[in-house]
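Next, two complexes with chain A in common: one pairs it with chain B, the other with chain C.
Right after this comes the complex of A and B.
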């Protein structure tokens, strides 16, 4: 038994209680689906955050394949007060990967629940299970010749729509605000009930994937970035694949151009001339995703000097800011809209327009074009090679889509990062009325000193941004409680009231987004 | 004192307890803002539903002008277990108007809280209080030359964005799914807390009206069509007014055309060639809104015969179905999209296209064009004159935007209405992936026999649609508990768990959407 048993236990649970629960998991799920040995748990321990991985080590990982099994897991966890951390594909890189928020939680891995339940080619809808990846769905659409287009985050091939949407991730197409395009959820509650949102609970209904709100309170949002239930099915909308897609780039020479860029883009986005989630990516983002490593330029520690950034910009033919957008439609629609873009750019008087033909299949244009037209790829993982050493934290403050605001955020972030010897590797994305300002805090996790610097840097980013009224929309598990503080105590009190009502034993992912009944709210 | 006191009391509250509460209301709000005399309460008693108005009679109505006063009202209601029914502009016609769901509830009227707190012309956002009407906001935009366009329901001038959106109403522009375009709420909870959704609780934040979700669970939806809080501020998005708007109509001759129409429209809507919430309105809707009364054609009781419908269609130059859509953009964009519409219509091989120029300012084209371009009007109130007598209930089942489904719903609704001696006065609206099938069950409320028939008819509509898997998205207060049943007991159990947690004294609008702690869930 001893080698079969994890050395890590859930908080406040005795070894014997835990073992009893494990036996019940085995009876429910089969031995193969209950992992407790250290070597088996390795995939659930890897994190990119600065804190010691031991703080995120799970006590066990269990794999469910049906909704009934998920209900069974919840029942057992209630019986033994075992906290359970649910993952779908488990590839939430930079936000906590597959590891639980608190040491000792049992990982409930749903990657084997990977059925594409339905895709409606006419209505442009899909219903999937947690383990379905974007690549799987892409292949399904291709094989069945379904003229619908996916929208996904950059780790597209291995991530999935359910997990990404539940964490309110974004993508690069006109459907890039994924939670806005979500339609219908099935959720296992802590009491074991299987609750369907929207129209999903009407017997014989067929509108679950077409009408978001249903009747009475609309609760889909309550289950996102939260721990009030386990989502076992999710519906969402897919855009019809248009006759023509025309991705293009506009390169801007100077880092100070950011304010003008945002002012240039916003009216075009608001008027839907540019309908997709525009990206404004900094030099290092684009260089790093395409195999530029810091060691190619310097082995000095600390922040990379501006002269080197300029050199990289020149060597790789990049802008200080690289704007990616795409037009979709008939040839005539695309032509009219492209003329409007060109006209606005002429008025702006700066920025170099690059078309797909001009880019000629080169990177980073090529992978950006793929992201904007729904073709999965893994190019962006190149980011992790910039400094190497496996450290990455997304710092993602929300900004108004206003030039002066984006400029302020950029300057502040760069200052703080450089002060801590790290680089600004960032992009602005979405840009309808807000910008998700997404910065990859990259550092060498194998270097203790750098790890500590990165941690201090992230704390300072949170503090200084908060002082100016900026909060982040999403964060890795190490900082989820800290970020919850940015949003004030009234919100936390309400969230904990809901938690007490819905999950009195505090078994579902306690700590997620700072919601944990062990906190005093 | 006696003439000062209502003859109606809240359920389970003694006269003396009620009088104590009323005295506290007076101390808090001033005598003028506490109405208890029968004559003062008349505006809060008028309903269009079949049941006896006495069943909706309030015990009192109080008017708050500040958030602090709303908190005070909630405190007093908690102290004395007084149920409170909140209204904003109070013009929720056909869904319950200003009257509470249950006899004896105190109406909290927020129409005096009518500040337009902010409008951002660049970002296209607004933040308003409950009492702000669309007309007021329209005038504000005009007076300040702000190039933004409103989206509203048909009773536009007197209704308001906060109330309409909280009830998940829809409009006719590209922003017609109003709750989708909502961004940020301030809500007074039953415990007196003032909770802000999204970014609203971050100190010094300015992204409240640009980013919907915030961090952690997103709870805006929980407060819509529900009774978990009182919304005191709401943010939402406004569309930039485009250089050109081109409303148009397509008339279809036969009622059996509905399936083809929906199949024709859906791809154009999904591809955003037609970006607005399209309407497909039946003959009687268009005739009635424009002063055609039933008595002009017949004085026979019962359903209006098909021959008369055909005659009206001919006399008023209407289609059996009248499709209204609008294009927005630069002249070039509008031309390209109009050509696509014309091409698709040619392929369809039926339907008569009418442009604004061809309509020449006539009705119903003119009011439809106004609704699609954000100009408030009250034309649609003409519906109430079709039969007269003040009876109206919206029956609004959700349908897939699929021809066969809309056809089925239309035939079923017409059958049931005619069987009960009433007419199909309906339209389909929105039509991205779903259709809101909105039918005005019009009847003579002053005629007891007809009132009973209408009630039986509405019950049969609900029953027969439910048997086929169709549920409604919204309903008048008389039927809110009945409709909650269509969505099953798991959902109701969850909603009541939330109610117990958030409002243990059951003081906020008990009965709304069937949520009432006196129900056993």
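Right after this comes the complex of A and C.
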């Protein structure tokens, strides 16, 4: 069976039409870059969402190596009304992975477009193609002794800056708000035009990677989390590597401490005493990333009882909340700021400060320190072994950086998760004035009953948070249309107006973020 | 852990009349072409000792008599390094695995990145009360309601066993936990 050709077709496309398109793909890209056999497509089908994997099965996957080939793919898709789902490294775990949003879409995999086009060591800028991974860029900086530092999400080694930024992902350094640090995009539009944002369209310009705005409307943002074009190059800023980095942790004993923690952190973050995207991680998140499995403590189904969570906290020497932050600069700057942090902590009157020297290379401190100082690693994949079974959905509501807000969100999320027999495995990432509350809804995908429970849980999380004025900033492909509804019909109508103007054949990732001309708008 | 095992002893110990019966299955299609082909490198990847013992026993029993297998039992990062190294050798080989979920995510991503063919991918969940299977590529229906010795059966057939065999399997080969099985060919 695995040797067979996929029988999946794009929605509304006949087998004959599809086969003609596939032949054109082969002529354009070569046989090796057009995948239609089941055993070639298997890795594109693995999803972590609760619905059946068949609902996200691609009809084919094609790989391009040049912008001209991307233009060619778009032309063929227009000719045959083939919907195409673009991925860069395809490692958007828990948000849809490499699978398309709708069954039958052709995956355009840009993994082979992996050139680091330029890195400017003096200006701290880079320009890369979609397939470049953080590890590749890290190695390049190391090999060429370039004193710049990367910011990345947790699957750092295998994910890439272009894809993460296009999905508005975040990292853990002072440059952790990745879209804020983006500077210049090249985008292939649905009509085949190649559009460059910012200064990129000016003949002979060399400021594309240093000045974001250019002239007239600034359109970069509309291409992120969207389906108006295929990004083939992206520029972004890199932080100069400071002489000293000082990662540290503060452990707090009680889950009720969350409000006080946020009130303690916010002024330090706003004043840039602590300049990085601070993390406030719950017990289970930290335990799971250092190979603690639920089965080590209980085999009973349902939510893990609080007494077990306390036992894990004790066994693994964790806090109920574990705050990770880092200071950067000269020795003098770091010393001054560390004294300010210690003073504020003394005033707070709780929390145990742990330095890198005291942690002594142990996990989870070690991987957290690496994330905050730009060293890629994959430690966080341990989350998937906490409960096991391959189910993972990121529920990521945003809020103001206020203690009362975080307290409210934490209590609500834990109640809903526990009601559905699942655990709160979450962290808060402190932006400048916001909190990304990131919860990994982990469940056993091989258990149909648990899959249904997880799906119901996720729907209830969305519904109940929305009733209180909260919405998520990013979501897996199964729930993208649902989340688009949270943001209201005016926004959706505008998005569909843009889609009709830019992609009248609806070929670019229809369904992405709920934008699809087949919707009733 | 990395060693080459020949299966003579295991085969003698486990095959016997009156044991459990393995039928020819659609699952064995994942191994199609392999059993009749000339010998090729076979690598067994597992993420813990229990999986290596039970699944590995099945794989060794299912392979042709002349076929050796290289076993890799390791944590996630080491398995990832092993797979990267193997797939980049660009010579025909077959990777058969039963690993935890973290490893499975990373190994599947690696297979996609390197363009390897994945003829089998399925999830398995086993505890004292029941065993569940769900396939992403392949057909696990024959394992519904299977015994705690499911991992041996699975390994046996993923290795290419095509005919009914009687196995006298020791209960020590029972396997509980949550796993992902795969077959990758290059």
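In the analysis below, the second predicted complex is superposed on the first by the 515 of 521 C-alpha atoms of A that agree within 3 Å, B and C clash if a C-alpha of one lies under 4 Å from a C-alpha of the other, contacts with A are read in each partner's own complex, and residues count from 1 in each chain.
Following the convention adopted for this analysis, a residue touches a chain if its C-beta (ideal position, glycine included) is under 8 Å from a C-beta of that chain, and two chains touch if they have at least 3 such contacts.
Everything numeric here is computed off the predicted structure, so don't read it as measured data.
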item: First, second, both or neither for A:244, with chain B first and chain C second; value: neither
item: Touching partner for A:226 - first (chain B), second (chain C), both, neither; value: first
item: First, second, both or neither for A:90, with chain B first and chain C second; value: second
item: Touched partner set for A:15, first chain B, second chain C, both or neither; value: neither
item: Partner chain in contact with A:179 - chain B first, chain C second, else both or neither; value: first
item: Partner chain(s) touched by A:216 [first = chain B, second = chain C, both, neither]; value: first
item: A:203 touches, of chain B and chain C: first, second, both or neither?; value: first
item: First (chain B), second (chain C), both or neither touched by A:27; value: neither
item: Which superposed partner A:382 touches (first chain B, second chain C, both, neither); value: second
item: Those residues of chain A which chain B touches in one complex and chain C touches in the other; value: none
item: Complex contacts: residues of chain A adjacent to chain C; value: 1-3, 32, 37-40, 42-46, 53, 89-91, 93, 98, 109, 111, 158, 295, 299, 378, 381-385, 387-390, 444-447
item: Residues of chain C that touch chain A when the two form their complex; value: 26, 29-30, 32-33, 76-77, 80, 100-102, 104-106, 108-109, 111-113, 115-121, 123-125, 127-128, 132-134, 136-139, 177-178, 180, 185
item: Residue ranges of chain B in contact with chain A within the complex; value: 122-125, 168, 179-180, 183, 189, 193-196, 199, 201-207, 209-226, 228, 237, 239-240, 242, 266-267, 270-273, 275, 329-330, 332-333, 336-337, 339-340, 398-402, 405, 433-434, 466-475, 483-484, 486-488, 490-491, 493-495, 497-498, 500-502, 513-515
